[in-house]
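Next, two complexes with chain A in common: one pairs it with chain B, the other with chain C.
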Partner chain A sequence: MDYIKKELPTKINKIGWILTLAGLLIVIISYLVDVQRTSYNNLIALIFFSGIAIGALILVALEYLAGAVWSTPMRRVSEFLASSLPFMIILAIPLFLNIHNLFQWAQPELVKNDLALQHKSAYLNVPFIAIRFGVIFLIFYSFYVIFVRNSRKQDTTKDQRLTKINLKFSAAFMPLGAILLTLFAIDWMMSLVPHWYSTIFGFYFITSTLLAGLAATTYVAVTLNEKGYLHPSIGEDHYYSYGALLFAMTNFWAYIAFSQFMLIWYANIPEETTWFLLRWTGSWKYLSVGMVLVRFAIPYVGLLSYNSKMNPKNLKRIAIFILFAHLFDTYWLIMPSYSPGIIFSFYEIGFPVLIVGVIILVFYAQAKKYNLVPIGDPKLQRGLDFHL
Partner chain B sequence: MENKKIYTVTALFDTPDEITDAAKATAGAGYTKFDINTPYPVHGMEKAMKLKPSYLGYVTLFFGLSGAAFAMLFMSWVSIYNYPLVIGGKPFFSWPAFVPITFEVTVLSAAIGTVGVLIALMFRFPNTAHPLHDTNYMKKVSADKFGLNITSLDPLFDENKIKEFFKGLGGKEIETIYEEDKKAEIKVFDYRFIMTLVLVAIVTAGTTYFVLNKLLYMQPFTWMGEQDKVIAQSESNFYNDGFSMRLPVEGTVARGYLPYEYKGAPDSVIKFISNPLPFTKDIIEKGKMRFDTYCSPCHGYFGQSDSRLHDQFPKPPTLHSDKVRNWPDGNIYNVITNGQNVMPSYEKQISREDRWAIIHYVRVLQRSLNAKDSDIDTSQVKREK
Partner chain C sequence: MTTIDFTHEIPVIEGKPAASSIDEMVSAPLNQKPGKVWKILFTITVTMLTVGSVALGLTFYYGIGLWGNNQPVGWGFDIVNFVFWVGIGHAGTLISAILFLLRQKWRTGIARFAEAMTIFAVMCAGLFPAIHTGRAWLDGYLFPYPNANHIWVNFISPLLWDVFAVSTYFTVSLIFWYIGLIPDLATLRDRATTKWKKISYSIFSLGWRHSARHWQHYEKAYVILAGFATPLVLSVHTIVSFDFAVSVIPGWHTTIFPPYFVAGAVFSGFAMVQNVLIFVRQAFKLQHIITLNTLEKMNQVMILTGSIVGYAYATEFFTAWYSGNQFEMFTFINRALGPYAWAYWTMISCNVIFPQLFWFKKIRRSILFMFIIGVFVNVGMWFERFVIIVTSLSRDYLPSSWHMYVPTVYDLAILMMSFGLFFTLTLLFVRTLPVVSIAEVKAHVDGAQPVHKGVH
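== the complex of A and B ==
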């Protein structure tokens, strides 16, 4: 393995700090001006961010579990992205402080007059959601620590057994992660409309999560490799595989999202349709139509042809666009609970800027400490030799 | 032997790496009409052989899009024009319901189209013969060897040179393969093959028939159908009286329905109920429509009791009698709402508004048979001198 570690330019660190501080400033101002609206944006931020971090973690586990070799040379990118996981807690703290602004079930006056909410209160109550959040975070973080510690140990020891251990843990991680993400989606998004339920909602969130993690990894990996920070053997074939996965997940997202919509539309039961009806009133209608374009049609066309998946420039553009679509989707899922129509102002900008800044900072710090390529991984050479 | 036409020169290699290098060298030497045969797909081979990307993707795209368009248009045509059915109160063009089928047809036609084109254009169906069939070479490359062959179609083809070239690459078992003597007979129409097809068809059809017409009507497959639910037009064995529908509780008032508050009231009260609707063209036209629908079967289109019932039902009196003409609107309303003797009540069938509109129209009918001179619009009449 002829890997020579190259330091990332300090410029990146600077950009990270600027974005973080600017984002933080806007967030603080937003909180001072309008607490309720900012808490909704904070919720969007939590979901958007967890999508990227947990999605990257899933990719790491998926690689071990599927025995994939092509992604091994870029695995560190996913690992570094996942390492920002603890930021979830920081994003969640203001939410817990403002939980009464967000959720109907957290407002005792409302629960008192609502039989359904009373029945659900055994599950939907503040202490229990806090416990669930803690458990979900801890489990994800423990898996992160296990995967990454073994992967780093391998850099020096070259011990092949570590890959086997990670394989076993990822087998446990997958079903557990699916359940936890479902609970997470129910807790923080579905319960915004506490009378409404959709059994596929958790899965909807899982597909978004995977897409977000994948898009972030793709963008960073392709950018770093084009600039020569990874390895010269990584090329079109690897890019193509990322493109194909993005394409597949985009389709899968559409499949799940449409399944949810069609069944509710067809059965036409008032308890279920309210959620879509709300997103079909006023200006939300445009956003709902926009979802079809932004989340599905544009990435679909952008990744359809063979060459578009190989072309690094196109791939980077689409990856960024998919991240934007993830934000768009999260906004669409959450904001109608707060406002009767589309709203957009500085409140909505602060958190995304902050998140991008923090991810860059964490990534830079990780890249400084550790190798950008898992040089001890037994699958690495095969991954570098990978051809379609 | 010598006058036979050469088809190709072959060589065998042991490992995927060797064959990839050999392919690169062959393409590098300028050969274009050559092929690689391997027991499994070797990654990176297209690039090593310098193959142009296949056009098959566009075939798939074409068939996929045609399938999607066909499914969408066909379903729209069926459900809007050909056989419109109201399903679940949805509009005839309910595109979300068409999406799953459109999706399936897209995938199906893309897959079948691709395979069809592959077989027809690339394998030249029905020609199934190939000079490489039944050769030592083919047996080896379908087991554990990796084969390279340059065909005589290549402009640089020269048997001896190629043999030297292969030796240089480290190829083993270098052989020349000739075209077959006879024109290969088309084996697809061999009777054994056809009989096999027929047999498969019979078995498939029989199984399908058995499953769909017999098996699904046996236990436990029928359990899905045996549900404790009301089946329309059939007796209920849940309720003692055998009816599956229940009468609403006494005094129940349906949504959007106001009971008639003058039921059984004396004439002196009824005659003061007045028509709330304005006497406008729109309302009269609506009244005509409702009258023609509900009243004309008995009373005739003009209220002259020239009914279409042909004495199967007692003939109603004319609506042009002095009695009805002098009645206040309230009385007619009362008759429609409550019925009168053999005339049934129309309360449940005709909405309040429509009843009042009908009364306006009845007034129009009456006036038309009793027109006065003053009704003539003289401004429209040309004076005769």
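== the complex of A and C ==
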């Protein structure tokens, strides 16, 4: 293994601080001006951020479980992205403080007059959602700690058994992760329209999460590698694999989203159509049409050809675009519960800036401490030699 | 704790067989007279087919009143069997197309056989919607074409989409299978010793000469077809799920149906392919090509898809409660505790509980256990469709119209017939065409590909 560690330029750290502080400033001002609107943005932020961090964690587990080798040289990128997971807690605290502003089921006077909400109150109540959030976070974070600790230990020991242990944990992680993400999606997004229900919603969120983690990893890994921070053997074939996965997941997302829409539209049951009706009134209509373009058509065309998946410039562009689409999607899922039409102002900017800043800061700190390539991983050489 | 060496790839084909020995091995059954076992099996399957055909003939004569279908259970075994067989077909396309696109080399040894099973399964599946119309001789009207009677199809019905989806799926699967066969047919042509074999293999190998240019075109065509087949395989079972999910019947109308049906289809299809392959590798001594590692990977796919199915059951149950909708809640409680509870619990135990044993490596690698669990999965997946269709219909919104469904002997005979058809075709296939892809297997023998620094 001929890896020589190169320090990331301190410029990145600076950018991280600037973005974090600027984002934080906007968020604080937003909260001072309009608590309710900012709470909704805070919720978007939680979902958007969790998508990236948990999605990156799923990628790590997926690599172990599937026995993939091509992604091993870039696994640290996913690990570093997942390391900002605890930021979820910070994003959730203001939400719990403002939970009555967000959810109808958290307003006792509304629940009193609504049979359906009373029925659901066994599940949708503040203590229980808090417990669920805690459990979800703790389980994801514990798995993160296990995976990463073993991976780092391997840098020095080169012990193959550690890979085997991580493989076992990743097998346990998958079913648990799927259940937890489903509960997370029901708690924080589906229950915004408390009478609405859709069984595919968990699938929808899991797909979005994986897509976000994948896009973030792709962008960072390709950028770092093009600048020479990873390894000279990583090249087009690895990029192609990321591109192909992004393409597949984009299609899968479209499939899930279409299935949900199509079935609800066709059956035309009032309890179910309300959710889509909300997104088809006023200016939301344009955003709903835009979803087809932003979340599906543009990434689809941008990744369709063989070359587009191999060209690092194009791949980076599309990866960033997919991250934007994830934000767009999250906004579309949440904001119609707050506003009768599209709204966009500084409230909507603060959180994304803050999140990007925090991710950069955490990434930089991690990259300073640890190797950017898992040098002790037994699959590393095979990953570097990977060819299509 | 571990004997696995992660630094090296596990070879797909064991024991570095010489290219010529692969030719010999695979074409051996085609050059011999059928053995005793084959003859016995063939007699059994043809008997099943014939007896079932009589039942079908009687149905044509007297009408579908012979079946157990009633009011309100308008769909019984006919549609249960249809969904079951379409599902069986899905494994083949998953293995040949999706795993190909995902560059999973272990698919090499089993792709040909699985694809053949896809084609046979889709044939069996196609039979049921064709006969459930009651007057099968009028099925031509299912296709939209201008006719003197001005009979036009109902384009907004998912049943019509089924016609398109299944026929497209069948066509593409057949072409895909055939394209893959061409190089092997050429090999067989070159090895043929009798005149008729030579002529027929010559015709079907389309002048293939194993030249570099042929291979280049072949590989391109194969990738493109795999790219087509991938969305197709998802669309077919998605549209099958639409047959139910676009309705407003509790237990049918739920948005998770499309991915859940696709996962279930792959689940049952893998179980069927695994079951049959266990015998094939034994009978034709192909243990080094269809290896235990490959079977283990199939079992891993089964635990994945089986768990997705389990996840879907749980989600449906939870959402029925969460919805607060009394009809939804009733439907699911009725499934678990109502008159068809035995079917429901058969489904749960076969699909969700027993496959969990595959978490244990020992069981994943035990031929006996994997066979038994595979059979359970097929039973369970058949019952899943039974539970979905029959429980929801037999107790609908209006208790006064509730009615139980009991299949008649004709239903059972026609089900048996579909199994007879499927296995007859499978038995004919193993005697006439190579059961594994000779060309592809050769490319995956250790040392066949250029290596870099001694590592793949």
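Going forward, the second predicted complex is superposed on the first by the 388 of 388 C-alpha atoms of A that agree within 3 Å, B and C clash if a C-alpha of one lies under 4 Å from a C-alpha of the other, contacts with A are read in each partner's own complex, and residues count from 1 in each chain.
In the analysis below, a residue touches a chain if its C-beta (ideal position, glycine included) is under 8 Å from a C-beta of that chain, and two chains touch if they have at least 3 such contacts.
Keep in mind that this is a model prediction, so the values were computed, not measured.
Once chain A is used to superpose the two complexes, chain B occupies space that clashes with chain C. Look at A:Asn13: by the touch rule set out above, it reaches neither chain B nor chain C.
Legend: residue contacts after superposition of the two complexes on their common chain; A:Pro378 is shown touching chain C, with no touch to chain B.
By the touch criterion stated above, A:Ala178 is placed in contact with chain C alone, chain B being left untouched. Using the contact criterion defined above for the overlaid structures, shared-chain residue A:Ile200 touches chain C, although it does not reach chain B.
Between chain B and chain C, C touches the greater number of residues of chain A. In the overlay built on the shared chain, the residue A:Thr274 is in contact with neither chain B nor chain C.
Of the two partner chains, chain B and chain C are each touched by A:Tyr266. By the touch criterion stated above, A:Arg161 is placed in contact with chain C alone, chain B being left untouched. Stretch 185-193 of chain B is the one among 5-13, 149-157, 167-175 or 185-193 that clashes with chain C after the shared chain A is superposed. Common to the chain B and chain C contact sets on chain A are residues 262, 266, 387-388.
Residue ranges on chain A touching chain C, taken from their complex, read 69, 115-116, 119-120, 123, 160-161, 163-164, 171, 174-175, 178-179, 182, 186, 195, 197-203, 244, 251, 255-256, 259-260, 262-264, 266-267, 269, 271, 377-379, 381-382, 385, 387-388.
By the touch criterion stated above, chain B contacts chain A in their complex at residues 43-44, 46-47, 53, 57, 88-90, 96-97, 99-100.
Residue ranges on chain C touching chain A, taken from their complex, read 1-2, 4-9, 101, 103, 231, 234, 238, 242, 245-248, 253-259, 307, 311-312, 314-316, 319, 322-325, 359, 452-453, 455-456. Residues 237, 258, 261-262, 265-266, 268, 305-306, 386-388 of chain A are the ones touching chain B in the complex.
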